[in-house]
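You will see two complexes here that share chain A, one where it goes with chain B and one where it goes with chain C.
Showing the complex of A and B:
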């Protein structure tokens, strides 16, 4: 059997086993899920290490002579590295879930859906037939919906919204694929190679596919499902899908259509850049004022997509490299951040930032993981986020012109705001006074801590030794896209700086141990002679950026955003319900009006047929 | 089993059962149920026997047409017979425990058997007047079944249904009378012969208008649809499943296909009209469905919208379009009856069908929830379930029509509308799943249990059908759908089947 089939079949089969196992054998269920995830990951690594062999084709269903649905798989450099990354996240999330999901309902379904998600993602990533890709894609949509519902009552709205929004994008993709087939008379993905996007239908087809990619990745204006889903979904689901896998898939499709299948015109490229820049700025503005850690992270999951779209929209090799690298980096640090949030939720019982504080001492490893990932997402050197953002900036500079300067400024500004919002998050969760009800918080257990530590380590390694992933993971994909040779204007080598940073941390620790910092005197708090308890003088971080919310023109913007004026879902349902209202008014339940419909219908029929 | 001599049994068996059930139930109450199940199973066996059978004509009393009455079974009718038999058996099994809360159960089974006899008769009849008679048998028993609950709401719905259905029937009868005055025959094959080359005849066009209105009302096409959202939800759940899953197809869509592709030839305008009606039904039906909070009413509106898909495919008139339409017809029969049975299960256990009052049933009713989920995904067109494939074929057919027909770029717009409606369907079923299946189980429902085994069996069988029709769609298409399509559009073959030697053409009843 072809080696490309295994990463699809094994998790699919494991999901079936997990679903069938009786309730009593829960430990075995977990073991099966974990082993299958690890096995799939190993197979993905083996697939990665090989040069892409010939495509695998199994004819299945010919709807017309050329509308040929075949099980066609192909592993080129882009697919190979994204499949590998996706499966690594699969292992981490299954491991994390062992502890995080303990005691929840519907766990049988949960592990089965996780397995099937892996299978469907691998299918979508390896597919060489557009319809096969779509099928993987839609199965993922349904599984995401089902996974979110496992969150219980609070997750219902978010699940519905997610299903509807991604479902809409799937429909758009379906239409786009059928249009493409009508123009090119084939469904084989690899037979599209740098087609020029010209003519009305071709542009429509590209845009329809683009909608599919952007909705999955969560770029504006198709982003609003992510924050809504974050409200109720289990954090492990958020960390796995919207934060990691959906980014990988969405950007995979964006890269596939924009770099491999089509040659974009200047106008479309500009449109991509505008979408990217707007996403970066607007989503980070929304993130600034969030009060819930999960929602804050989810808005950042939107904002960061902007960078990837910017990178790919530049169309120059360095930019593309940066965009793809940022996709990978984002998956790493955002997954890490969500896992940390999950650990906090599990131990402290909430992710409302008002109710949290001072957890650094109780959960040191989670704190360090969160800190590193926050630096990475804010683009602080020497972590991985810095490198990929730096490459994207280079790409923008290479494009040149005044317009790209605007995008560059937007990207830089977004980065600064990201840092600002993580200052708030870190302070309110891990620093400051710990509320008395959290006095007995325990650190995260092994199953939760391991993925966090691993991802934080990757954040550092990919930052310090950025040449390795660029050369071995992403470089081949960029080269294969035919974008041209990568000319790096300069890649900062942070080896020395990192050494100095580590040294300074070590020195700090030495001072801490030797000095009297640890032996500081502790007294109760008093102001003007009156003793206050800790709760009274605690400063929650939720008010940090209130001034931005209430500043001049921004106030109206924030208010309208809160009402959903910029949410495509809310807008569509508002206009949709108007139409429904009009139609319902016609159906008044009175027999005579129904008879009138029939008579009018018959008269029109007679008029059309007899032309009287 | 594929002996043509068995063909009349499709009508005779359920008809006999219908009359025997009231008598047998006097002896033993359980006999009504037993004999229904046996009849249903026998019909299914007969229908399976017809799958591989060649097309056949059975002349009643061995009187050759045009003097005698004949029964014609080709691939299209065999497929319909199989669908009717399969779904009605599921429904009968389901009703065994669902109908326990109703009185006068023998009457229920009598009416149900009459309805099945009527539908089988419509599908098999080779004679337009007999077709009309069987249509009335099925329709009248369905009016009674809608009113079976005899509450205010049921009676009102049944009355509306009766009046509108009666209007449709009279126009159909009028059309048949005109047709007879025009050609002097009622035999479908002979009509097809006589009407060849008369596509511009004004009488024929008037008849077509009556037929489109009459059968369109039976198929619930907009603007003739208004009875359906009242009638289908008011009936007991098994009957809702029969009405939405079978009746509108056998009485409406099948007859429209048969008449306008095999018998009447009025040129491409028929296709255009059906296509426009289909598009209207799709859009209006789905918009009304999205706004609904009553589970069964929502499903009823979706029947209108999904029939629109079928009509669109038929109206496109391309081989692919008609194949997609027939495939969607079958698929809709399966998933819509499953959905109605699920709604019945939910109502049976919770006592409500208001979506706002339901929540979190997946914690207590796993079989119902899983099958409801499967059916919802099927109707929303999510792979790998069956609805995806038939919708896909219709969409592909619509796009393809931009070059193969005179539609031009309008075809792209039609494809766009089709996809939009598919999305709206997904929206409303996201709502169903979100409110009924998921979320937190309310206190009030904390003690509910899964429905009894008989109901579960039907649900599971239909859910498996949804999945297997989807996964095996290549086989479905090649083995069943395409032969049925060819049988529907091949006028010559139909005539030759009934009149094996062309000399009989002269032997028609004179003017």
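Showing the complex of A and C:
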């Protein structure tokens, strides 16, 4: 059997086994899920290590003379590395779930859905047939809906919204695929190679596919399902899908259509850049005023997509490299952040920032993981987020001209805003004063701590030794897209910079040692000349950015955003029902008006037909 | 080799920073009709702080509280290596200006984390102000930097190194000599003032209301590190302005005098602003930077696009 089939079939089969196993054998179920995930990951790694073999084609059925449907798989450099990344996250999330999901209901379904999600994602990533890709995509939509509903009653609304939005984007993709078939008479992905996007129908097809990619990844204006889903979904689901897998898939499709299948015109590229820049800034502004850790993280999951879109939109090798690297990095640190949030939720019972505080001492590993991932997402050197953002900035600079200045400023400033909102999160959850009811919080257990530690370590390694992933994971994909050669000489040297930072810390430590910090004395805090106890002087983080929220024109923007004025889902339902209302008013039940409609319709038909 | 340059750059910046802070205090004293301290006063202050006891608040997260000064110092040192290493060693890399901007924000981040970990309400309030300040000044600052980079880029210095920016200015004139350049300079002076946390933008420390704010719980060696970091920034930010718009600094022949003059003029400008203005509230600072100053910076960008 072909090696590309295994990563699809094994999790699919494991999902079935997990579903069938009786309820009493819960330990066995977990073992099956974990082993299957590890096995798939190993197979994905083997697939990655091989230079792409010949495509696998299995003819299935034929409708009329022209429409062949075949199961065609292909593993080029782009697919191979994303498949590998997706399966690594699969292992981590299954491991994490062993502890996090303990005591919840519907666990049998949960593990089965996780397995099937992996299978469907691998199918979508390896498919060489657009229809096959769409099938994988649709299965993922349904599974995502089901996984969110496992969160219980609170998750229902978010699940529905997710299903509607992604489902609608799937329809758009289907339409786009039909258009492509109309033009090219084929659905094989690899037979599209840098087609120029000219003429109306080609642009429409591209834009329809783009809608599918952006909705999956969660770029504006198709983002609003992510924050809604975050309200109720289990954190492990958020960490697995919207934070990691959906980014990989969405950006995979974006890269596939924008770099491999089509050759973008300047206008479309500009549109991508505008979408990217707007997503970065607007989503992070929304994140600033969130008071729930999960919601805050979900807005960042939207904002960071902007960087990837910006990188790919530049169209220069460095920018594309940065965009794809950022996709990978984002999956790493955002998954880590969500997992930390899950550990906090599990141990403290809430993710409302007001009720949390001072957990750094109780959960040290979670704190360090969260801190590293926060620095990475804010692009603080030498962590991985900095490297990929830096590559994207470099790409934007290479595009040149004064229009790219605006995008560059948006991207740079987005980092500062990101940092600001994470300062709030770190303070309110891990620093600050611990509320009395959290006095006995325990640290995260082994199964929860391992994935967090692993991902935090990757954040550091991919930052310090950035050349390794760039050269072996992403470089081949960029080279294959034909965007041009990447010149690595003279680029940012993270290794040296890290060494310098460590040296400086050493110098600082010497100063500490000279000043005998070791003999530090603990004292109480005096405020206004009096000693207060901890609870009395607790400063909640909810007021951190109140100045921003109420500053001039921003106040109106925030108010409208809270009412859903910038949510395509709310807009569609609001104006959609208006249109439905108008149509309903036409059906007034009076025979003469129906007759009038018939006559008018006939007249129009006659006019059209006779004219042709 | 690189490590030798690193220690050299850090040494230069620390020494220059100490001298600069003395200039600051001396000029301030002159403005207020006082005598002012002797030249070694900043060194004496640091040494004195090293000898003092370290106090850690009872309900603080002591790890974060004590590590934050180290982080800030490390960021300043790395920034020094990139900036000064470029000026004296000429060993830059593509896009080092962006790296420099990032490194120069690390001290502010460290200050915020340290203050958040201290457990003191005044420090936390100071930290939120510091964060909001960072957001405020970063926007116009970035616009000015990107404008300068693109002006140099369209003029042929397209690898965005500090070195090639200086070379470009030596060949085709300082970037400040144009309408957009002058606008950029004004904006840069304002953002420098804010980045240094000097009056009128010292809301995060605000002695009279927050008793030092972000640094109010620090004492002894950690405070010494924060002070040292601040001195280093006081030295580096004017140099950054000089590199970006004023043709950089060179140390051969008579141009040494010219470079020193540039530096001293920039420092005196900062000190005079700090001594002749009242403190702004944090919301006023935000409105100022996100409103008029950003508008000014954008105007500079637009003018630059038209080649003015």
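FYI, the second predicted complex is superposed on the first by the 536 of 612 C-alpha atoms of A that agree within 3 Å, B and C clash if a C-alpha of one lies under 4 Å from a C-alpha of the other, contacts with A are read in each partner's own complex, and residues count from 1 in each chain.
Note that a contact is a pair of C-beta atoms (placed from the backbone, for glycine too) under 8 Å apart; a residue touches a chain by one contact, two chains touch by 3 or more.
Predicted model, so just to flag it, every value in this text is computed and none were measured.
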**Asked** Is A:381 in contact with chain B, with chain C, with both, or with neither (first, second, both, neither)?
**Response** second
**Request:** Could you look at A:152 and tell me whether it touches chain B, chain C, both or neither (first, second, both, neither)?
**Result:** first
**Asked** After superposition on the shared chain, which partner residues are touched by A:566: those of chain B (first), chain C (second), both, or neither?
**Response** neither
**Prompt:** A:192 contacts which: chain B (first), chain C (second), both, neither?
**Reply:** neither
**Request:** Identify the partner contact of A:465: answer first if only chain B is touched, second if only chain C is, both if each is, neither if none is.
**Result:** neither
**Asked** Once the shared chain is lined up, is A:577 touching chain B (first), chain C (second), both, or neither of them?
**Response** first
**Prompt:** What does chain B use to touch chain A in their complex?
**Reply:** 159-160, 163-164, 167-168, 171, 202, 205-206, 208-210, 212-213, 216-217, 223-224, 226-227, 229-230, 266, 269, 273, 284, 287-288, 290-291, 320, 359-360, 362-363, 377, 380, 382-384, 388, 392-393, 395-396, 399-400, 402-403, 412, 415-416, 419-420, 422-423, 426-427, 430-431, 433-435, 437-440, 473-474, 477
**Prompt:** Inside the complex, what are the residues of chain C that reach chain A?
**Reply:** 2-3, 6, 10, 49-59, 61-64, 66, 69-71, 73-78, 81, 93-95, 98-99, 101-103, 105-106, 109, 112-113, 116-117, 119-122, 124-125, 127-128, 131-132, 134-135, 138-139, 142-143, 146-147, 149-150, 153-154, 158-160, 217, 220-222, 224-225, 228, 282-283, 286-287, 290-291, 301, 304-305
**Prompt:** What residues of chain A sit close enough to touch chain C in their complex?
**Reply:** 358, 360-361, 379-381, 386, 390, 393-394, 397-398, 400-402, 404-405, 408-409, 412-413, 416-417, 419-420, 423, 426-427, 430-433, 490-493, 496-497, 499-505, 507-509, 511-512, 514-517, 519-525, 527, 534, 537-539, 543-545, 547-548, 551-552
**Asked** Touching chain B in the complex: which residues of chain A?
**Response** 60-64, 67, 105-106, 131, 134-135, 138-139, 141-142, 145, 149, 152-153, 155-157, 159-160, 163-164, 167-168, 171-172, 174-175, 178-179, 181-182, 201, 204, 576-577, 579-581, 583-584, 587, 589, 591, 593-595, 597-598, 600-602, 605-606, 608-610
